[in-house]
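Across the two complexes that follow, subunit A remains constant while its partner is subunit B and subsequently subunit C.
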Partner chain A sequence: MEEKISFFRRPAVQTILASVLCAVLGILLGYIILLTMNAEHATEGISAILTNFFKFSGNTKVLMKYMGSFLVKSMPLILCAEAILFAYKAGLFNIGAAGQYTVGIIASLYTSLALGWNWFFCVLAAVAAGALWGCIAGVFKAFFNVNEVIAGIMLNWIGLYLCNIILGGAKCMDQTKSETFDIMATNPSAVLPAFMTEFFGGNKYTTIAIPLTIIIAILILVVLNKTTFGYELKATGHNKEAAKYAGMNAKRNIVLTLVISGAISGFAASQLYLTGMEHYTISASVPGMGFSGIAVAFLGGLHPIGTIFAGLFVEYITLGGQYLNTNYYNPQVADLVIAIIIYLCGFVLFFKSFINRPGKVKVNANAEPANTSAKAEEKEV
Partner chain B sequence: MALLIQYTLISSAVLILVALGGMFSERSGIINLGLEGIMVFGAMAGAMVMVLAPADMPKGLIVVLTIGAAALAGMLSSLLIAVACINFKADQTLVGTAVNMLATAAATVIIKAFNTVRSNGTDFSAKLDYNRGYKAFIIHTKYIDFNWFEVVALVLLIVATIVFYKTKFALRLRACGEHPQAADSVGINVYAMRYAGVLISGFLAGIGGIIYIAAANSTWHFDYGVAGAGFLALAVMIFGQWKPERIAWSAVLFAVFRSLSNVYTAIGFLHALPISGTVYNMFPYIVSLIVLAFTSKNSRAPKAEGIPYDKGAR
Partner chain C sequence: MEDYVIEMLHITKEFPGIIANDDITLQLKRGEIHALLGENGAGKSTLMSVLFGLYTPEKGVIKKDGKEVKISNPNDATALGIGMVHQHFMLVDIFSVLDNIILGSEPNKFGFLTKDEARKKVVDLSNKYNLKVDPDAIIEDITVGMQQRVEILKMLYRDNDILIFDEPTAVLTPQEIDELMKIMKELAAEGKSILFITHKLNEIMEVADRCSILRKGKYIGTVDVANTTKEELSSMMVGRSVKFAVDKAPANPGKEVLKVENVCVKSKIHENDSVHNVSFNVRAGEIVCIAGIDGNGQTEFVGALTGLDDISSGTIKLCDEDITKKSIRYKNTHGMSHIPEDRHKHGLVLDYSLEENMILQRYFEPAFSKGGIIKKNDMRKYSDRLAKAFDVRSGRGAKTIVRSMSGGNQQKAIVAREMDRDHELLIAVQPTRGLDVGAIEYIHEEIVKERDNGKAILLVSLELDEVMNLSDRILVMYEGEIVGEVDPKKTTLQELGLYMSGAKRDNGKEAN
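This part shows the complex of A and B:
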């Protein structure tokens, strides 16, 4: 019995439990929503979301092809989440990731379609564009004390309109179809190198984006936990004043964090748009990738590796929305489920302190340290 | 020029109400990033009333019901934030973002389902058409068209200013945003005050939402949400230093820039400039960034905003 309690009190176990609970509750609420929309087909609907592309499991080749596309779409989502997580560890809420992702789209598509660059330089351009956008938010935060959330949101919209202006031109956009040219036909050298195409049933979109994303997640894990820089970031995130007192350069750290976070977001855009799978169309709203990234980062327990699994899950549910029977439901139900899951993530802290609540008071002197250690764990989240 | 004034009045009505909502919430200690989402909920409820109102309903009743429904929906949706942030001590930024996503997704799902049922499965769009309700709000005068919404916004601005400066309630609310422990020690119920702050913000943002979609348009695509108006209002609030009269002035300033994107084609010299119309869309955001850079340095944000109130903390 004693052992079991300590198992549940382990922070990692609690984080995983909390995330799974959020996901399950979210799906359950999604089911209830389907029930209220059309009770007769609700079970069929939720199982369509959950079965997803596994309904092709009879045919391995088709299944693997769908699996490949699913992975390709998940990677930018995971990268955006990593970007948000990285900034969050330093106490910054990078809601501007959506805008950094958008300028990443501009850079990767403009360099590849209009300038005809090689993929490597296109990716670099996207990274630089994202970093620049992050840098602007960082400078505003560090030197002008502008809340990074507000600055990020303003930059999101500026980025979106810039994107519409730049990519809407005749150089990048097929004016008759009103979407950007097919990168595979226009400039094949800009397409990312393929990765395990055979394994994924000849899916032509599976590229090195998949291994690169995993490498970046591991890199972030190492930087955050094993380097002085990561330590400084986390210290600044925990207590800015204390970090300053300890001789850390808080302003530099803020700018640098947002630059890196922006670079990852920009990179994320290049990893989707340079596969040729996605074309940009003029849009009236900021691409949702950056916002879904927030969901993924929190669902992943703000852990770089947990984020990978959370990203796969969120993308799986989003994709599942397309398998709904449109006669009864619309695909946005899946977005709704994801929004509910993020909302529920807000309760994770409560959930953890509920598990960690001090048991029946034995001796007063004993209860005190147990309580504070539980609090310290909460703060770590 | 008349057109510019007309659009400016509408935009400032929206920004004033939503920014005042943000102000009440932040003064009580809760950062309400979900304003955008609350606006969507308010807009949806108001638009539904206008669509469903029977054809022989008097105009006055439509006006009252629409605004009432929007305010109610706003308050209900703000409870999502209140419960999570006050009772469950959730991260306010995260919950606000979640409410924004939830609102757009929910509005799209609900309106699509509504349209599908209403059209017997021929219309799957997330668009509502409320031309008749839209007309009910317009007051024609010789030079420019006024709108009942502007009257409502003006009245609410005056009421909010008086409440904010002249009542015991607001003094207590502000105390909870500055130093909740001190407020608690003199017998103020911090949780109740924060609930009041968030609910007022829901009330105002809900009305702001319906004005945003219905004052200048007779149809709305709900999959667009409200295109960042809620966040613009937050910028207005910061520029207004969390004070109602300053918020009103800054809202008008922002509204002018926002309206330029709607009416620049009608203004000769602006139209002649070789600038794409999209550039004007960027204007309010660029201006607010620059303005924030100059005003945030000495910002007087409520001290305890964003920090969940914990009775046991010292």
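This part shows the complex of A and C:
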């Protein structure tokens, strides 16, 4: 967003407050659901989710190891959210991030397992695959006026089935375990370089994905706020007609935005699958990372840095679900509670941004002065 | 004891930071035409919203026939017999006149429409008040004047006896305005009470019995129209005396800057061209105006000229260079400035700050960016300079989000930006739309200054006063064609009206 940090009552502060409120509300609702299922152990359950891996806080080494795994899993989520946020700033709803992430999985695993490439080129392949997937949606949008949501959803499924076909082959998939080979064993050169392994209690999965994600978030912040390209994108997002009037090339920007957004999504996949932590198994549904990214982007107030914290929170809660005692609760309950918390996060904020959207409210007795003057003017024009 | 049908006593409505209505009293007598006069932002719309129950006032009471009433939503207002003709008609374009009139209170038996009675009532009403319309005509096929009659019939059909007209003449030709004035007088004679919102003084002088004036949310006074003058009304409205005419020396046209030849634009709605074979030129140092009633192809023509819309045939030359097929950016950077018709749709990115809007077409130029990074300091300096030169006022200076600025200042910002850019031709479309008298005066002066600096100016306006005052030549557009060219010094409003309504046209007229 703009640099308007001069007052405490600035929108930035309000957005942070709203996000925190959403998170608290989500946890509360999750608690209520636990109560209705098994009242006796609900408090214990919700505190297990919240305490999470900090229950190991007695042992620093174990704690840091868990912390490392938590960070590794958070990074792709944050990256997906950044991808969605970036497109959203240009007025595009990139629900296709899930598919771009999926083709990113194909590229990173196929190049590493089947082709035996070095990690650097595997990452590049994933980026290129995601960008291509974004480009298809972008070209359809720009030149044939096909809604990017529709194109995105279809491409998600195409990506999924391609993924099942390509990674399901004997070159990538261990047919006995029906999951892809372990890259650490098959092609160690494809594993991302380690990052502060000692600090994270010898966690072998902590890689440069962590700093790279932070760098990308900052890069997005800079591109959006400092560059002419960001200026164009945001102008297009706010007011497409005015962007056209100003002589901006809307078609080029649409394609470019979705290419970049897709590239980030593809990159996200490489940053998880090339750590060796995750293996791909044949799936009947599109990986949820891209969809959770939508909630994260909104929870993060559509701010590149806010998104980092939102991503950490959502991943933390997701991880916490594993600590729910399955003697008292059906294992699916954990997922349900987590899903409610995550999606409430996204929705409440979405709702809030709608209420606060100035000028759109037709008749609102509590309208702010700025809105009323704009409204009065609209009426009189 | 006067016989007041509606009284709004000591109404105060506050919004955070602004008092929109400050102790306003408005008393409407039975059977009178009462004008409500005020500039934009004077509080007219807020006051009417209070009357319609859209806003709840902090202080004050509303009385109907002397009894206090509570209006908390528009349905309450309708139940009290209050009806309104909005400036932008609330009609369903593809429905018939009759269907539009009964819409919202459809007569029915067991859920089936029974239109016969309704038809009879509508026909009776239109005969009684001389509001001639065909009940079976489809709205989109009839003229704006007739559509307005449908709106009036809608109120009468609902047995409203308090009728509010919100700037009803803005979209009409002079002939249609005369007709409307007659209808309003007849309605008043039948005992209906009329509240007439306007800022056109001539119309008040012609039909109103009394006039209440608001200025900046405050009640200034109520005068009997018979005992006042236009000058008195305008100084009450603005708080100072206003020049009605624009001071300008005779034009001194130079070389040809814009040459338009046989431009056609295909309509998006129907088979015919929305702009057909338009040819004319604009020379340096003159103001050429395209006049016409809204919706006669002006918007489409400007779209084709500036590149916002596609052109289907014809050529456009700017300073002898064919720019017909050039991009918007090319036109922007090669001598064309454009004050767009709709400042919110095209002219501004409302959620951007003032400074960001000031460089909307120039952000990529070396003056404002280096290596793809925007030079924020230079942007701020530039914005501050323009804001100072053109008196653009805003709450937080260059950082103000444009959405929070008043309409007049938004428009001034656009005018400043477009005039400061390098250009030979300025296309000004409705440059004073929705602005108050003070801002209009200012923008007119700036446009004349531009002309005297040797720029070519193409003005497109629906306001006849503006057309007559500002232009050096007038081209009238009717149904997508230029039907006549007149000299503002030698023509009359009536003659213009005949051209605008298609009743008169110059035969075989070509560009000179």
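The working rule: the second predicted complex is superposed on the first by the 321 of 381 C-alpha atoms of A that agree within 3 Å, B and C clash if a C-alpha of one lies under 4 Å from a C-alpha of the other, contacts with A are read in each partner's own complex, and residues count from 1 in each chain.
The rule is short, and it goes like this: contacts are C-beta pairs under 8 Å (C-beta built on N, C-alpha and C of every residue); 3 or more make two chains touch, one makes a residue touch a chain.
Computed from a prediction, not measured in an experiment: that's the story for all the values here.
K.L.:
For A:D335, using the defined touch cut-off, is the partner it touches subunit B, subunit C, both, or neither? Pick first, second, both or neither.
P.N.:
first
K.L.:
Once the two complexes are aligned on chain A, which partner has more residues of subunit A within touching range, subunit B or subunit C?
P.N.:
B
K.L.:
Tell me the contact category for A:T227 with respect to subunit B and subunit C: first, second, both or neither.
P.N.:
Touch partner of A:T227: subunit C, not subunit B.
K.L.:
Which partner chains sit in contact with A:A235 here, subunit B, subunit C, both or neither? Use first/second/both/neither.
P.N.:
Touch partner of A:A235: subunit C, not subunit B.
K.L.:
Touching A:K244 in the superposition: subunit B (first), subunit C (second), both, neither?
P.N.:
second
K.L.:
Quick one: is A:G116 in contact with subunit B, with subunit C, with both, or with neither? Answer first, second, both or neither.
P.N.:
Touch partners of A:G116: none, neither subunit B nor subunit C.
K.L.:
Where does A:G202 make contact in the superposed view: on subunit B (first), on subunit C (second), on both, or on neither?
P.N.:
Neither partner.
K.L.:
For A:P211, select first, second, both or neither according to whether it touches subunit B, subunit C, the two together, or no partner.
P.N.:
Neither subunit B nor subunit C is touched by A:P211.
K.L.:
Which residues form the common part of the subunit A surface touched by subunit B and by subunit C?
P.N.:
Shared contact residues on subunit A: none.
K.L.:
In the complex formed with subunit B, which residues of subunit A make contact?
P.N.:
My answer: residues 33, 37, 93, 95, 140, 144-147, 149-151, 153-158, 161-162, 164-165, 168, 284-285, 291, 294-295, 298, 326-327, 329-330, 332-333, 335-336, 338-340, 342-343, 345-347, 349-350.
K.L.:
State the interface residues of subunit B toward subunit A in the complex, per the touch definition above.
P.N.:
The touching residues are 33, 80, 84-85, 88-91, 93-95, 97-102, 104-106, 108-109, 112-113, 116, 121, 124, 223-225, 227-228, 231, 234-235, 238, 276, 278-279, 281-282, 285-286, 288-289, 292-294, 296-297, 299.
K.L.:
Touching residues of subunit A toward subunit C in the complex: what are they?
P.N.:
These residues of subunit A touch subunit C: 2, 4, 226-229, 231-232, 234-235, 238-239, 241-249, 358-359, 363, 365, 367-370, 372-374, 376-377, 379-381.
K.L.:
Which residues of subunit C touch subunit A once you look at their complex with the stated criterion?
P.N.:
Those residues of subunit C that touch subunit A are 15-18, 20, 40-41, 44-46, 49, 54-56, 87, 166-167, 306, 308, 327-333, 338, 340, 345-353, 356, 360-361, 363-364, 369, 372-374, 376, 399, 401, 403-404, 406-407, 433-434.
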